[in-house]
Structure formats: C-alpha cells, structure tokens
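Note that chain A is present in both complexes that follow, paired respectively with chain B and with chain C.
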Partner chain A sequence: MPEQTLFQPLTWSDLLVMAPELALGAWFVLLVVLELLLPRAVSRNWIGGLTLTGLLGAFTLILLRMLESNGEVISLLGDSYRVDDFASMLKLLFLAATALIVLLGLGTVRYDRAVTDKGEYFYLLLPAVIGAMTMASSGNLVTLYIGLELLSITSYVLVGLRRKSSLSAEAAFKYVITGGLSSAFILFGMSYLYGVIGSVQLAEINAALPGALEQYEALIYTGFLMMIIGFAIKIAAAPFHAWSLDVYQGAPTPIAAFLAVVSKGAALAIVFRMMFATALFASPDRTSISSVSDEVFFIVLLVAAASMLYGTLAALRQLNVKRLLALSGVANAGYLLVPIGVSFTIGHLNNMSEFLFYLIAYLLMTIGAFGIHTVVSRAAGHDELSGYAGMYYRSPWLALSMILFVLSLAGLPLSAGFFGKLFIVLGAERAQAYWIVAVMVLSSVISYYFYFGLVRQMFMRSSNGLSGASHSLDNDEDAEEGYGFRTSGTSQTLAAQEAKAGHIETAGSSEQADEESVVQSAEAKMENSLSSSLEQGDGVIRIPWPTGIVIALCAILTLALGIVPGPLVDIIQQLFSFPLPSH
Partner chain B sequence: MLSSYLTLAAILFCIGLYGTLAKRNAIIVLLSLELMLNAVNLNLIAFSKYGAIPSLTGQLFSIFTITVAAAEAAIAVAILIALFRARGTVLVDAFNRMRR
Partner chain C sequence: MSGLEQIPILSIILLSPLLGLVIIQLLPGQRANWLKIAVTTATLLPLALSLWLYADYDRNQGAVSYSETYSWVQAPLKMNVGGDWFFSFQYAVGIDGLSLPLLLLTAIVTAMAALAAVHVKKRRKSFFSWFLLLEFGMIGAFIARDLFVFFVFFEITLVAMYFLIGIWGYYNRERAANQFLIYNGIGSAIMLIAFVMLVNTAGFHVIETTQSLQYIYSGSYSDIIRNLSDPSAYVNLTADSIGSNPFALNETKQWAIFILLLVAFGIKLPVFPFHSWMLKVHQEAPPAVVMIHSGILLKLGAYGLLRFGLFLFPVQAREWASVLAILGLINLLYGAILAFRQQEFKLVLAYSSISHMGIVLIGLAAFNEIGLQGALFQLISHGLISALLFLIVGSLYERTGTTELSRLGGLARSMPFISGVLLAAGLASLGLPGLSGFVGELLSLLGLFESMRWVTALAVVGIVLTAVYILRSVLKITFGPQREGLTAIRDARFVEALPMVVLLAFIILLGCYPSVLTDTVQTSVGGFMDLLLATRAGG
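Then we have the complex of A and B:
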C-alpha cells in the first residue's frame, strides 16, 4: 500500500546517506543563531565565509558518497528520496554554483546600502540550496513539492532583501505571485495524476500509467499539461517568462544569478526526472495502447522552441543588461529543454550527458556574466548596456573575460557553450527532430546580433560608461539607494536627489489616483537633474577580490571546456546511473 | 460523487486564476492564490476517498500543501507590507516601475 511506504521511519544509515542535506540544515540553524548573537560591529562577511565553508563541506560529503556508492541507487523513506548519480551530480553543481554566488555576494553586499540585513543575504542561500538538492533527488511528488517550495519561498525573501529599494520589494512581490501560480498549477496537475494512479511515487505512477490511460485519458493529459505549465513558469520558459525580466532587474545581482542558475537548474532537473520517470513508459508494447508520452514530450519541445525564439528576438531591443541576461536565460532554458523533449530513441540515449554538460556550461557563463555585471554596474551606477562603453580601455582583462562569456552564451567555438549546444544539436539530429535543430540554429544565429552589440560597446565606444544612459526613475532610485560608491565631492547633488526621491515617495502615498502623473513628472525632473550631474558612479572599475576569483574561475573553466570538453563528457558518462524505474 | 467534487475544484481553480490575473487589489490577488491552492486540496481529498485507488496519501499530501501554503502566504504578506510602506498603496497598477 502506498500509504505504508510513506510512513517508513528514518534509520541511522539513512541519516548517513542524507548527511549533506542534514549537515547543511544544521549549519543554517547555527548561522541564524550566530548572526543574532554577533555584535553589530562585526562584519557580516564572516557569516558569508561560514556559509561558504558549509557549502564546501556539503560538497565534500557528496563527493565522498559518490565515490563510495559507485553508481548504485540508494532509495530512502519508501523510495521518496533517491540518491543516484544524476541527483549527486546535480547537487554538486548546485552547491558549486551557490558557493560562487556567495563569493559574488562577498564582493558586492558590503557596498550595497539598500541591503540592511547583510547576514541574511548569505545564510538564506543555505535553505534554498537544500530545497534544490531535495528536488534533485526526489522520487515522490510530495518530496518534489516540498523541495520546490523550500527553494521558492527562500528565494522570494532573497529577492526582496534590498529593503531600502522599493524596486526590490516590487520584484519580490511579482515573484511571489508568479511562484504561487506555478505551484498551484503544478499541484493541480499532480492531484489529477495522483487521483487516477492512487499513488504519488514516481515509480508507481510509471508502472500504472499505461493501464490508467485507457480509462482516464483526459484527466492524465490535463494533469501533465498543468504540470508542464507550472514548471515552465518556474524555469521561465517562453510563454510564461515575463516575470523573470522584472524579478532579475529588481533583485540584487548575485541573487539574480542564483535564480538564473540554481532555481532554473533545479526546476529543469525535476522536469527531466519527472518526464523520464513517469511519462516515458513501456516502449516495446505501446503499439496497441495510445501513449501519453509522445504528446507530452512534443509539448515540451514546443515550449523549448518558443523559449529559444522569444528569448533571442526580445533580446534584440533590450538595453538593460540584467533584463538582457534574463532573456538569455529564457533562451537557454529552451536549449536545456531540448534534450528532455527529444526523449529517448533507439540510437540516442545520452540525453543526460547533453543536459548536464550544457547545464555546467550555462552555470559557468551565466555566473561569470552576472559577476562582471556586478562590477560594471557599480562603476557606472546603472544597469544599462551603455555602462559597458569603452570597457576594454578601462579594464582589458575584464572585457576579455566578458567576451569569453558572450562567445559562450552565443555558442561560438573556443567556449563551453559551443560544445554544449553542439552536443544538444547532434542529439536532436540523431533523434530525428529536425525542426527543433533548425529552431536552435536559427535562434543562435539571431542571438549573435545582440551579444555582439555588447562586444561593440566594449571596444568601439570610448567613454567611461557614465553618460548616455537613458536614465529612468528606477535606475536613479536604484543608484541612489543602492550603492555606497559615491565620492564625497558629489554630496550636494546627492542631497538634491534624495529630496526629490522623498517628494516622490510622499506623493505616492498621499494620492494613489494621480501617482502615475506624479511619477512621470518626477521622472522628467530627475532626468534634468541628472543630465547636469553625471556622477553616480565614478566610472572606475574596481574588482573586489571575491568577485575577481569568481570571474577568473568561470572564465578559465569556460575556456578549458571550450578547448577540451572530452574529459568532462567522459566523467559524466562514466558516473551516470540513470534512475529509470524498474518495472 | 467524485465528478461533482472535481467540478467544484475546477471551478474554484478557475475563479482563483481569474482573480490572480485580473484583480487590482494585491490582497485579493493573494486570496485568489489561496483559492487555487485550496482547489487542489479539495481534489486531493476527493481522490483520496473516491479515487480509482483510494488511499490515505492524498490526505497526507493535502496536509503538506496546507502547511506550505501558510508559509508562502506569510512571506507574501510580509513582502506586500514592505511594498505598501514604499509605495503607499496595495493596488497592483502602482507596481509598474520596471516597465520601459
């Protein structure tokens, strides 16, 4: 009976298997208490250092577990928690990405005056990554949901951490609403699936699905469709991506990188596991029964194609770098959905390694690009593309590594992204899904245009990146409240700006009806005041050492994977024990 | 029996979806979100009693969703309060400063 398997108690040996997650959880509680007890004078960067230590500890524990278990699948708590190579590999990725993001935080949070609780910035990443790890190894719809919500709820808070910026709160609110919608869709789909199968175990769903399909076809289709919609919202895939632009723009930049890499990666991982562990079934004898799997996989491919095309086409007109990176994330979610959507066919079974390789490449290039953006936006005082103007002449190494990341995002040779896309294209071609290959190539070619717009800014323009930005209200607010990099000589204009911002805030609170017009007139005023004084940032690019480490590491690994991808592919293919359920 | 429960849940879900997407007041939007989640709970419990293979799992699942939804609502309201302090309104029309 399913309900009996859900009540399996946790034994001591189980505790050992779950050690990385449990240790991280305990470490999180410890850090919360420590942060409360630490006197105010102590820099919260210590909390960041301890968070980093915890992440590296969990990384080591998982690595040890992987070496010890040697590819066998361990399932705990009545198969609701599965530890296999797929899960372990993804957990390693999530932990490494979070560690890089903590480093980025160490480099930026000190200068970000809008973040009042600097300790939370670091230790809240721990429950988020525990959620991602739980998702990666869930073998049961309930575990999946709990992991998903642990990750989501923590990221809502993280997005809203810039407490003095109302943009951050706005982004957090939008994220909560879309996140809630996506959970509701996923749960609604799950409830139908549970209803017709009578179990929430992925393996049992897989076994019972062919039989149930004859009776309850409509319910099963609706269930899968709802779940795909929900997950598509979570991974910001095309028709459901609109939130990601606003949320990335309002969130602190390292947190935006966290959303782009860990949240998206975890949701994609769970889509991978869901699709291959439930929808894919009974391939030899499915000639007689109508199969849900083909249609479901086709819908995934449609979402992938829409994401790739929309992500690249919308990015052509985008001038805000954070929104640009969000759109690039939409397109990349499309690329990552392709190995899932083409499914297994005879002669094409390495979807897993294609998926993991591109996920690693995506992790490196996205975190690298966001890392560079933290430095550049701090120097320029805004998030616009024009902040990159003449960057090569101000900081050649940074510009060169940005070119590397851009090459990788565009999928050109000498970068990890090239091989990632190549493997996916070859895989799709072997699965004979030629139309998706065409869409992939087309969207890659279109994307060259805006990626090279960035390169053009860095080389062809000789400027310090301060002027020429289309200053709108939110940038001013951001710059004003956000970063403490202003030099003392500009305090006069600063005071003027603050007075203006205060005016806007009070106007907004007194009368809602004409807020729109007030905001617009204030925007015009602000623009005037800014055209006369362009000194929000001083244009000098300074790289704090933690950010430097992140950028260097990402750049070296992107280049290394772009020249010799072989070893990593071998490692992934050797380690990999695919968690296909046994019938 | 089952079909009437399922219909009710589907109607609740649709009302919730409409409210989330179309309402102007952020509090109503949050309430509509809860309505969608409760439609799911109704589904789960109906299936756990009258489903193809009745089992306790559905009720367990619904307890999990209720708990998590409560946590989510708490966070959502906290964020909304922060936003209300900054903007002085809970109308979602005012939360549009990122458009360009």
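Then we have the complex of A and C:
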C-alpha cells in the first residue's frame, strides 16, 4: 500500500549500491573546481582525459556490481530506484558510449574555434550521463522525471557550446523549447496517471490499473498518450522529430552523436521500462491481456512506423550529412520502438534482447559514422555530402570503415545492423505484427538509396565534387580512362593528397608520437588559417589518434557482431531479469 | 567414388574466390599482369573443382550427397512456454541436380569473364576485388541450404554488383547502379519477409540432447521442406490440442508466402513489369560484368523461384501454373518484339534475355518432367550464350567505340573470327538444332504442350520472332558495306579468343549431347515430380 512506502530513508548500504552515480557526481564537482583553478595555458584536453577516467571508473564499478549481484534486483527508497540487470546493462552502454564521445571530443574540440570553454565540453557530459543512468534505474515516475531533466538540461548547454556560432545558439534555443515541451507533455501524462491511481510507483500503477480502468478509462488513455508523445519528442520519433535536424546540425558533432546515442537510448530505455512495467497488464478477469494495454502498445507501433517511413523518405533528398544522420536517427528510433510496441505474446518474449542488441549495433554504427564525419567535415570545411567526394582515394581505410557503417545502418549482411534488424523482424513476425514487418523491411530498402549516396560520393566522385562520369563525356572513354583517374585534371593534386593522407594513416596506426606531431603541426596550421577554416577544405583528411581509436573500435565491433553475434545475444539473454508482469 | 565427399569440397569451392581476394590485396596495384594471373587462378580453381564434382556426381547419379552444416549462431528464444527454445542460424551448404549445373555455370562464366576483364583499364585492383566478392556471393547463393545463408549471399552479390556497375560502367553508370540496387533491394526485402514467415513456422524442429529437448527455429532448407510436405507436422496442424495453433502455416499464409516469393524472384528474373532495371544494367555495366549479370545473376532469380517457390509450395504453384505460363508468354513476346525495334546491339541482347527468360517460365509452368528439364536446360544454355554474346560486345566496343547497329557493318571482312563466333552465338540463341538453345526451347515447349496448347502455339510465334531479330542484328554487324574507320581493326587476340572458344565449345557440347546436363538434372527433377505427385497438386 502506498502509505508504507511514502518515506523510506537512505541508508549507508544504499549509498554503496548507488556508488557509480555518486562517484561520477563527485568527480564532476571536482572537475568543475579543477577547471576553475587551472591556468588558461593548460590544455583542456587534460579535463577530457580526467572525464574519461571517471567514466571508466564508473563503468568498472557497475561491472563489478553486476558480477557480484548475480541477477538479484536491488530496489532503493521504496522501489523508486531499481538496480537490476536491465538498468546495469544500459548504464554500461551509456558509459561506454559517452567514453567514446569524450574521445571524439578530444579529437575535435581543440580545432573548433567556436567552442570557447573547452573544459565544459568534457565535464558537462558527466551530469548528462548521470541523468541517463538515473532514468535507466528509475522505478517510479518522479525518479524518471528527475533523470530526464538532468540529462536534458545539461544537453541544452552542450548543444550551445559553440558560442561563436549562430547555428549553435539557434540549435540550443530550439532544443530548450522543444525539450521543455516534451517535459510538459510527460509531466501532464504522469499527473493523470497519478491522479487516477494515487501512486507514482511503476509497480503499483501496474497493479492498480485494471481496477481503475473501469472508472477512468478516458483519463488513463490520455495519460499514456501524453507520455508517449513526450517521450517521442525526446527520442526524436516522427512526427515529433523536427527539432533534431536543426539541433544536430548546430551542435558540435560529438555532442550530436551524444544526443543521437545516449539521449535517445536513455529515453527509449525508459519507454521500454514504462511500457512493460505499467501498461502491460492483464484484464480484470485475468484471462487475457487487456485491450487497453493492446491499444497503448499499438500507439507505440504507429509512432515507430511513422518514424521509419518519415526518417527514410525525408533523407532521400538530404545533402547535409549531419541532418542526414539525424534523419537516420529518426528511422532508427522507429526500429528500436518495434520490439517495445509488439509487446509480449505467447510465442515471443524476446523483446528485451532484440532491443538491447539493436541498441548496441546502433550505438556502434552511429558513433562510428559521426566519428568519421568529424574528420571529413574538418577536411572539407563544411558538413555537406560533397565533402565525402573521392574519399576512397584520399583515405582508403576511412572509406572502407564508412562502408561498413553504411552497410550496418542499411541493415545489409555481415554487419551488426543486419543481425539487429533481423532479430527484430523475426520477433515482430512471431508476434504476428505483419504490417510493421513490412514497413520495417521496405523502409530499410528505401534507406539504401541515401546510405549508398555516401558510398557514391566516396567511390565514384573525385574530390572536386564532379561526377567521375564527367570525364568520360567524349566517346573514347576507355582510352581516356586508360590510366585511371590520374589523367584527369585534378588528379595531380589528388595524387599528392593521397600520398599525404596515406602518410598520416600509417603514422596513426604505427606510432602515436609521430601522430601527435602531425596533429600538432596540423593544429598550428589551423591556428594560422583559422579565420578561413570554413572555406579551407584542402581535402586532406587528418585523423587525430583519439578519433582513430573510436572509428577503429566501432568498425571492428560492428564487423564482429555481424559475423558472430552469438556471444552477445547469450550474454543479454542470461542477464534478462526484467520483471515480467505477474499474471 | 573418389573420396570427394570426405573433404569439405563445397566450402573449398566457396572460399577459393575469397582467398584470391586476400591475395590480390597483397599484390602491388601497378603490376597488372600479376593481378591478372592471380585473378584467373582464383577463378580457375573453383572451375576445376566444380568440374570434378560434376563428373563425380554424374557417375554416382546423385547417390552421394554433398552437404556441410555448421552451427553459426544459436540465439535463445524466450517463450511463454516451457523448454529450451532457440533461433538457430547455421551455415548449411549442399548440392543436388538443381544447384550443381548452376554452380558449374557460375564457375565457367566467371572464369571467362575474368579473362574478358582485359578491357578494364582503371582501378584494376578494386575491380578484381569486387569481382571475386561477386563470385563468392553467387557460388554461395547456389549452394546455400539455409534460407538466411541464401539471403546473405544474395545480398553480397547485390553490394558487389553495385560497385562494379557504379564505378566501371559507361556514362550513365550511377543511375544504372542505383536502379539496380533499389529494384533488387525491394526484391530481397520481399524475399526476407517471406523467409522470416517460413522460418517462424515451418523452420521448426526438435533436437534431442542427452539432458533435454531443444526446440529450434531455423532456416534449414531440409527441415522446412520436410515440415511442409509432411501433413502431420506441427506446422500443418491448424488446430492443436490447446486451441488454434498460432504457428501453423495455414492456407492464407502459404499463399501469401508463395506470392511474395514469386514477386521477389520475379524482379530478379526479371518478369515483364519489373524489367526496366535490367535494361539499364545491360546498357551501362562493363562487358565482363554484364556477362556475369546476364549469364548468372538472372538465373539466380529463376533458381530461387524454382527452389523456394515451386519446390516448397508445389500446390500453390500448380494452381498458378497458367499464371506462370502467361507471364512467360508475355516475357517471350514482349522481349522479342522490342528486341526487333532496337538500334543498340546491347539493348537487342537485353530484350533477348527477357524473351529467353520467358521460355524458362514456360518450362516451369508445364509442371511435368520434360518442362522442368527444359527450363533448367534453358537456364544453363542461355547463361552460356548470353555470356558469349556479351564477351563479343566487349571486344566490339573496344575496337569500334560503339554498339549502335547503324554505325557498325561489314565487320566480317576485318574480323572474320569474331564475326564467325558472333554468328554462331546468334544461331545458338535463336535455337538452331545442334546448339544448346534448341534443346532448352524444345523441351520447355514440349512440356507445356501437354497442358496448355494454345499458350504453346503462341510461344512458337515468339521463337520465330527470335530468329528474325537475331539475324537482323547479327547480319547488320557482320555483313553489308564496311563502314569507314572500321577497316583497320584487328581480329581477336588470344586472350579474347580463348573464352569465346571455350564458351562455344560448351554450347555445342550441350547441343549435341544434352544428356550431359539432363542426366544430372534428372536426379532432382525426378524427386520433385515424385513429391508433387504425392501431394494434392498431383492428384
């Protein structure tokens, strides 16, 4: 009964359970103070390094707890904070993703003149990830909301970090407005549920809903609908996605990756928990799953279908890579909503592992793609698709990794994305949701067009932006192309660039120290020509070592999961301790 | 017995192109000769092995079964029912009288296309990398015995072809590559939906281990075909002891899957309204790639239709036999009439392919042994003939810079050898007795004549049209007044002549001794006919 759990004090052992979050919080405060005290001359990359250390520390703590707890669920403060395997797994994911993003930041932030406070760039990621972790662990609506706000408010600041860029300011402003709207919808929906049930605990809501439905059906519908809308804004699911294009474009690229992966992942995770812990319930006579529950899940499926279709169709004509990736994120939010929306059926309870597997695949390919975009856009001086032109000649390994991410995003075989989508499709089919299977598969095909647009740029165009076909205007094509593309007008410079890029590539893979010096000289060069950094675009792709690590890691894991997904699936299935509804 | 079944021969054939792929990555890109030698070896290896396999299989009359199965991924499946449930993805390959001829065709055409790739001048190393990857995908698709394995290899051919068309094609290559990707992507997506529906129902089997029972859903072809043909299998029980069975494949679902498969492979084949992408590919892709596309990849569509559409759903296919026949007839006539109107030799050949694939559909629609034999014979024969024709197109284009019929003429004088081969290939294509094209057409039409006479009569009109358009274009190229500027061109070099001779030799061999092929095919087709007669469709 609610009265018993109204107040329950925090004990020391509870603090121990929350150690990862608390330690991160303390680390954050420490870094804020450190940043204030550090002289201006000291590179802020040190702060980045320390942030990374903190994240890895928290990662280890959670891993230890997971190994120790052995699947047992610990709930704190009257079940308002749950530490179960679902939460721990997600926290590990968020921390790992954030660590990758900090690495990306280390590779880019020092070249970004528009970012004035480079320290903030790193340490503000900490409260954001604490917010995401809180969301993953929340067992009641209030905790959930607090986590969400912590994540959101820090993200607003992060988006606006490029203070000298008006695009960034615009993005931050738009994000604040839509974010506020989203929170309003969520709170509104929650208030209805609380009003009817009299409790904010997910478990109690679940237990009381069947009874309450008899009297307050309309109110409960409204509550769920509002909450779904609010979360749909957060995860940028169509038709509530419009903010994401502008925000991703304006935000620093690694932060855009953070929004696409951690922010979206946390919101999706909470939709998952909320839907399965509250909305899934038996009808009063306990013989079948209630129709109201079915309809709430159906709304989720509708949002999923809209996202997949809109995300892919709108991306067909998109030429800006960041906006393209934002739309890809919209479509992927749709794919991730499918295992939530198909609910549980007799023949299919795999939703959790499908969701987590695809989330991991999505994390790897998205961060990888954003990582490549950071280096390509710096070389090109803009975010347009044409920046990728002829990349295969300039940096073949980078182009090959990009192919891998593109194949994975498009869901083609031997990539993590293929198995992710295949599992979801298999599950949705078992749940007999044939129409969503059709929407999913067909939207994947449409997406080939623009994902392969990137491939087209990298492999079939030369870097002056012309189509490779243009040199074969005259009839004697074979003769002209007899020496490959080196005969064309731009090829002299390209060959030189190729050589240079090749040099940097080898340096990146062999000696870090060498690479460091290249980066430093690059940095010096940047300083000189910085005012013109936007139109610089000399086409040489330099890969700073932290970015190189991120890209290589994402590429290897994407490929590995595409070839042997078995072990990961096993791990996820073994950890499955998410409470099933008791009926 | 040669002990061939002791070694994983199929995997060796499958992996040899990949080995070649790795080797050429290690070679310096400037050494064109080294590259050529490596690639040729990498394509000759599967050719030699599959020839050996073919001979061995023929001798044993299919008595020895070659198949390999390895578990790939076991993904646990949570059910609201007790027991250990899994999704199982396995690497399963095997051959029968249906796959083996196509495997051999793949090996022959690819090896010849590798020689024909002499015309490729730019970025040779990447060309050959994608080329070998394409061969890997094709071989895999033909020997796959698991739905997902088939799908994976099918998609690999898609990606490899995209690059081969998009980078090394002619002027409009990018559009052609895009169209190829989207059309075939839609086809494979529809195929995936059908496969997923099949796996979740008919892919069910139980494995008894020492401790417990494992309930497994997998894409294993043998399990699926066994479940579907066994009326007492769980998948065919629409009602079980508890009530309705949600995992049964009822009538509606079977029809849905059959039609999905028909559309998916119809796009690949291509069947009439879905053919526009393939014209673009024929026109824009480099000759060596068109050899493969027209010679093998189109056959993949027909193979899929036969293997998954007809073999798994004989009842449905039987009921739709007339639909198949009419689709085939439309393809045959439409292709022939449009081929007659074309001014571009490559388009003549493209429409001719549509027309000839119509004959394959007609043979399938016959639903008797002769018809099915004819369809398969036509597949192999057309694969060889169209590969040969496009090989010649490549040589012509290299010399004359055009394939417009109006700009060619009188080539017999300057290039007697190539012109002679062109004429022979043309004659084979129009079905001259003694060459392979004749046998395929005759068997298909004979088969259909038993069941649908009027369709057969109309189809014969199509055959006559074939003779007209083939002779029209071949004669225009080889005879008549010699065009200016075409007098000084040389005849075929050795490296071009060799594949022409080899392909022509196979065409003549099949024309004179059809039993080389039909005996092998018989081992599978006969089994299918037995199966068919055992089901409702036969009665």
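Worth pointing out:
One rule holds in what follows: the second predicted complex is superposed on the first by the 494 of 583 C-alpha atoms of A that agree within 3 Å, B and C clash if a C-alpha of one lies under 4 Å from a C-alpha of the other, contacts with A are read in each partner's own complex, and residues count from 1 in each chain.
The working rule: contacts are C-beta pairs under 8 Å (C-beta built on N, C-alpha and C of every residue); 3 or more make two chains touch, one makes a residue touch a chain.
Note that the structure is predicted; figures quoted are calculated from it, not measured.
Within the superposed three-chain model, A:G180 lies in touch with chain B and out of touch with chain C [touch as defined at top]. Of the two partner chains placed by superposition, only chain C is touched by A:R456; chain B is not. Using the contact criterion defined above for the overlaid structures, shared-chain residue A:S444 touches chain C, although it does not reach chain B. In the superposition on chain A, A:N350 makes contact with chain C only, not with chain B. By the touch criterion stated above, A:Y192 is placed in contact with chain B alone, chain C being left untouched. In the superposition on chain A, contact of A:Q432 is made with chain C only, not with chain B.
When the two complexes are laid over each other on chain A, chain A has residues 472-473, 477 in contact with both chain B and chain C. The residues of chain A lying in touch with chain C in their complex are 344-350, 352-353, 407, 412-414, 419, 422-423, 425-426, 429-430, 432, 437-438, 441-442, 444-445, 448-449, 452, 455-456, 459-460, 467-469, 472-473, 475-478, 481-485, 564-566, 569-570, 573, 576. Of all residues in chain B, those touching chain A in their complex are 13, 16-17, 20, 26, 29-30, 33, 36-37, 39-40, 43-44, 46-47, 51-58, 60-61, 64-65, 68, 71-72, 75-76, 79-80, 82-83, 86-89, 91, 94-95, 97-98, 100.
Partner chain B is touched in their complex by these residues of chain A: 1-3, 6, 141-142, 145-146, 149, 152-153, 156-157, 160, 163, 166-167, 169-174, 176-177, 179-181, 183-184, 187-188, 190-192, 194-200, 212, 215-216, 245-246, 249-250, 320, 472-474, 477, 505, 508-510, 512, 515, 519.
Interface residues of chain C facing chain A in the complex, by the touch rule stated above, are 72-81, 87, 119, 121-123, 148, 151-152, 155-156, 158-159, 162-163, 166-167, 170-174, 177-178, 181-182, 185-186, 188-190, 192-193, 196-197, 199-200, 246-247, 398, 401-402.
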